[in-house]
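Here come two complexes built around subunit A, the first alongside subunit B, the second alongside subunit C.
Take a look at the complex of A and B:
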């Protein structure tokens, strides 16, 4: 059994990391931090996952989010994709192993991978909307988010989702609020089989090694760790039974990389883009001067209320 | 469970069959993952569907629902033929060597003594032959020894026959036999984890029994990492069972008297439990102590030796039991007019929903005690397709008494592993909700006042009920727990020195060993005796130390009986008292007494070569041959479900279990394979807990809508796309659902015929936060297990067709 993290005390605990530990800040720079935090990681062992969705429930509970009751679309995945409320979802894949002809039900918990080289952050044009701490956590700062959706384009894993309520991007925070006070993420706490464990990245790799040895002894000769080098490794890693074919796990990219467009955007184009945005602002102002304000129709008002979760009149 | 949840980590092989532990018991399942990590244990899953348990299994094999006995008898045959038997254990600890009476036999699917008109057996030949000394004759080589009869009985269940009946591919079946047979070694153990997948059949008791027999010949009962482990479906359903859930039981598995037992002496005359072999404990010989102490706890000072401890005030059964099927049958006939429904949702829980609705509609009154607004409490309300009733025609008066949920009340919960866990209220009940004990006490005190004022027929049991609680309007959980534990009603003197008082009046008894049949002790539930004694509330203990990591955690909460964690634990040592597996010691004989990590399940000084480990049986051994204890046979035999896609290939004329009770009118409502070609089964999903969590927004979002699952072949044949709408119907009803088309359900070939399986989960209704839907009970047949009447939910026939969805 992975040694469980001790429960917190009832006394308020000061956060062990914060603003001073940022190593990256979108569309802006940060001073070099005075210290390097120990890199942390969450390890998701797909071979131990029973798909119970306790992690999904815990995530909604801890973050005080509520996913609307959807419908069945012919699979066990519910909701059927990540949403601004469901920051993690289980993805179920029925795969027939061509070697054994046996069915395998691959259940992968999807969510932010907390890349060491985060494409979302690099793509983000809003200063300080996405930050990275020296322990590896990539977090969204919603007050700075402009809802442009570039983070989605920048993400090699297609993770962030834009809320229709406040037009801001949402994704897993690796429970940065819990980690800051010495706790593991809510999903890890709720996992009944310890398919999710949390600790220093080094410890997680060691734990993964033991799991891989066990899987190999059970005939999974390609069992391995998913910690893709294309994004300099991730702070959410998987143990996979078939690490040679990550794509069978509901399209987990075999070699994730930040898209070329984002890398280019990071360079010269970003400034050109910013210039274009300034141009748009000038156009907007001119548009207002010429045609007057955009009026909101009562119908639109009603829709907005509904989206905001308020009572429909 | 014979063992405990934490003990599962000690096993070498987990067999999940007749259950889906990962899905239905995800928290307990952690001990399976521990066994894999600790001991490199393997996991086998046998199920009609590739379940979430199968997703993490080392070996999965499909099986047609309702054919588990054929499969397991096939495994027993394999073990016998390949000499994979724990011989010393089997010879010494089971009834294998005993000789069965002449005249016993089995032919064409029936045992001797069958009466077709009564649908019952004369079981007089299902008995041992006695010697002149009055004891059972024992000779394993005798042609009529239990062992030789068993060998003959299982001989027909070849891998070919198993494949033909179960649809399990022969190679997979054989591989599983090999894996299971390995655990016949004294240093290897297997655990059986099962649940409703075995109980909800017309031969549910025999399903479990067959695995128990296999576990016995492998020597896997009473040992660490072994056992028959029933995973219970509610947090406290084990507690409810212990306290007399079944309509023919009173607390502690004592039985309610029948009409044929008008006096306590007549009742006790068939409950002597004389040992059938020399030196055996036959612990039920103490029955009268438990019974009299129970009567004393009911009627206190009014129960005296002169009135046979108020035995007359106990109800006497005129039928074997008033199980739920009989109760609703009587309601349907208009013979039962009032119904108290406490923590139950019969409209979705009991089979043939149309009949249930009709029955509830005939009641004069229906009282609902529940924390939730259940479908049953709104059975009279029209909810369109989902509850299409004519409200104006229903005259039943429905009274809803909102009660607290478990987290709003203090008390104990008994888990599957027989552990009584005390818990404390975590919140205040909302609105007008009241605790169940308050509600029942209020009803009782008012009833008593009415009886005192107006008299009436037989007022004694009500007016004399012992009700010495501090607040008669609300007995406290502690008072009730102490009553279960039992206490002295008078000073009890040392039998050797009458001047010495060993237990003063009013003191709690230490355990059931102190109970008496002279009225000097009272005890509400003998098996719970010890839970709250003079040492305090043992259920509230929270010491998680586990000496030598045996998995026993002896000071964590409290297990019945007497804090024993593994029952039959004397069987963990050989006939000399040495542990079978020195690396997994549990109990051993130190030359003078039994000692070890657990509370010995034997008299501490009982010599290992004399006293058998199965102390509750008069034989002292476990039964491979059940004598007349089960209505449907001393050995299990393959019978098809009442609705099956193929005929019984062993005995084609027999439909279902030949002794299962079928009420008039229900037989006509059984469908056949011509009209309803697909084999349906029902089950639960991990996202929901029965019908409760659809009231919870988060759970509702995780599994929002009713669906049925079918394999790709059937989907193609019928033109059904995943996520589209279908209608599924049986002889008794029809439901509309979304279709989930999956590789996890495959077409089986049984008796040369392609069998398509339709899976129907059960969490939806017309109340709560999830989308409105149906449950499988709209479709299932009104028939139960031959011994305990658990309805046959797991195997029935349906048809299916694609339909246009409702207009959004």
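Take a look at the complex of A and C:
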């Protein structure tokens, strides 16, 4: 068993990280932080998940959210997708293993992966609406959010959702408020099987190694850790029984990375665009300086008069 | 048959100087609604385009309002431009002499209009502005609706939205560049602005820049095959 995090004291505790630990801030820059926090991570062991959705309930509870009652769409997923209120959703896949002909019930807890290279933050046009701390947490700052939906286009995992109520983007915070006082995320606290554990990223990788060894000894020869390098790794990682084919877990991308289109949009387009507009204006100014105004001469007015047949002057 | 590029309301009034009616009140109002909405769209769009321009959101009452209002101004622009299109498309049809004019762009830029073919209501530069704006605005409204998440997010895939937002930003930049050319031309060529404020230009202006149009107005007729000789 993974040693559980101790319960919190009831005394108010100062936050262990904050503004001063930002390493990225959307549409703006931050000074290099004076210290580097220990990278933290949540490890989700899909092989241990029983699909009870205690984590979903705990997430609603801790974040004081109410998911509107929906209707059954024929599968266990409930709600059927992430919403501005449901920051995490269990995605159920019935998969027949072609080698064993066994039906395997793959249950993946979907939600923000807290990418080390976050596409949401890269796409965001509003200064300070998305921030990244040196411990790896990517957080949305709602006062600064303008509701444009660019983060959704930037995210390789299709995670953020815009609220129809206040037009702001919502996603899992990795319980940054709990982590700031030495706690783990609410979902982790609620998980009855320790399919979700939380700690330093190094410890999580070690713990994952032990889990993978165990799974391999049980015949899951492709068991492995999902910490995709395309986004420089994530601070939410999965242990997968079949890490060679992440897509079978309700479309988990095999090699996620920020879309090339988003890179072009937020890279060369931005600079070339400003340069083109400035270039156009400068060309105009120079042209005017060189040629001066294009004036009509009195002679031309005369000719027009002649043509129009008006009284000659 | 009246000339294809003489628009309703165009007329010559002999006098000193000769005055030529170029735009009706309707056309002018239509133009200024288009102009104002285009400028507001450029400002609100650029605010989201580059972080250094985000401060422009204060003009619209903050980021949330900027984001919300921009697409609505876009809808206004689309319909308003459609009005201009219906008014002006005929006179903007491309002609052989337009190629000659474009080939002599150097003379245009150096103000040697005597070396150019006589021009009808619009010269090739104005026609390029007209047609490129027509295409750009159609691309902008199409891509704009795809990324208008508040109302239309469920109709397209994420990948389509990514393509649309890139298309929208590149098209917007081109449209702004075309707009700069358009406004600069109106300032550089003296006597032009009056066409869109008072609706009139002087006879000399028409003689210098749009002589074929002036001749057609005076004779009250003209057609696409009017022989064109370089002006003396």
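Criterion: the second predicted complex is superposed on the first by the 268 of 313 C-alpha atoms of A that agree within 3 Å, B and C clash if a C-alpha of one lies under 4 Å from a C-alpha of the other, contacts with A are read in each partner's own complex, and residues count from 1 in each chain.
In this text, a residue touches a chain if its C-beta (ideal position, glycine included) is under 8 Å from a C-beta of that chain, and two chains touch if they have at least 3 such contacts.
Note that the coordinates shown come from a computational prediction; the quantities given were computed from them, not determined experimentally.
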Which superposed partner A:158 touches (first subunit B, second subunit C, both, neither): second
Partner chain(s) touched by A:102 [first = subunit B, second = subunit C, both, neither]: first
Of subunit B and subunit C, the chain that contacts the larger number of subunit A residues: C
Touched partner set for A:197, first subunit B, second subunit C, both or neither: neither
Contact footprint of subunit A on subunit C as seen in their complex: 12, 14-18, 47-52, 54, 57, 62-64, 66-68, 109-111, 147, 149-150, 153, 158-159, 161-163, 165-166, 169-170, 173-174, 176-177, 180-181, 184, 187-191, 202-208, 214-215, 218
Touching residues on subunit A, where the partner in the complex is subunit C: 27-28, 125-127, 144-150, 152-153, 158, 162, 167, 259, 261-262, 264-265, 269-270, 273-274, 276-277, 280-281, 284, 287-288, 291, 293-298, 300-305, 307-311, 313
For the subunit A and subunit B complex, residues of the former touching the latter: 1, 47-54, 56-57, 60-61, 66-76, 78-79, 86, 94, 96, 102-105, 107, 192-194, 214, 217-218
Residues of subunit B that touch subunit A when the two form their complex: 22-23, 26-27, 29-30, 33-34, 36-37, 40, 50, 52-56, 58, 60, 686-687, 697-707, 721-724, 738-744, 769-771
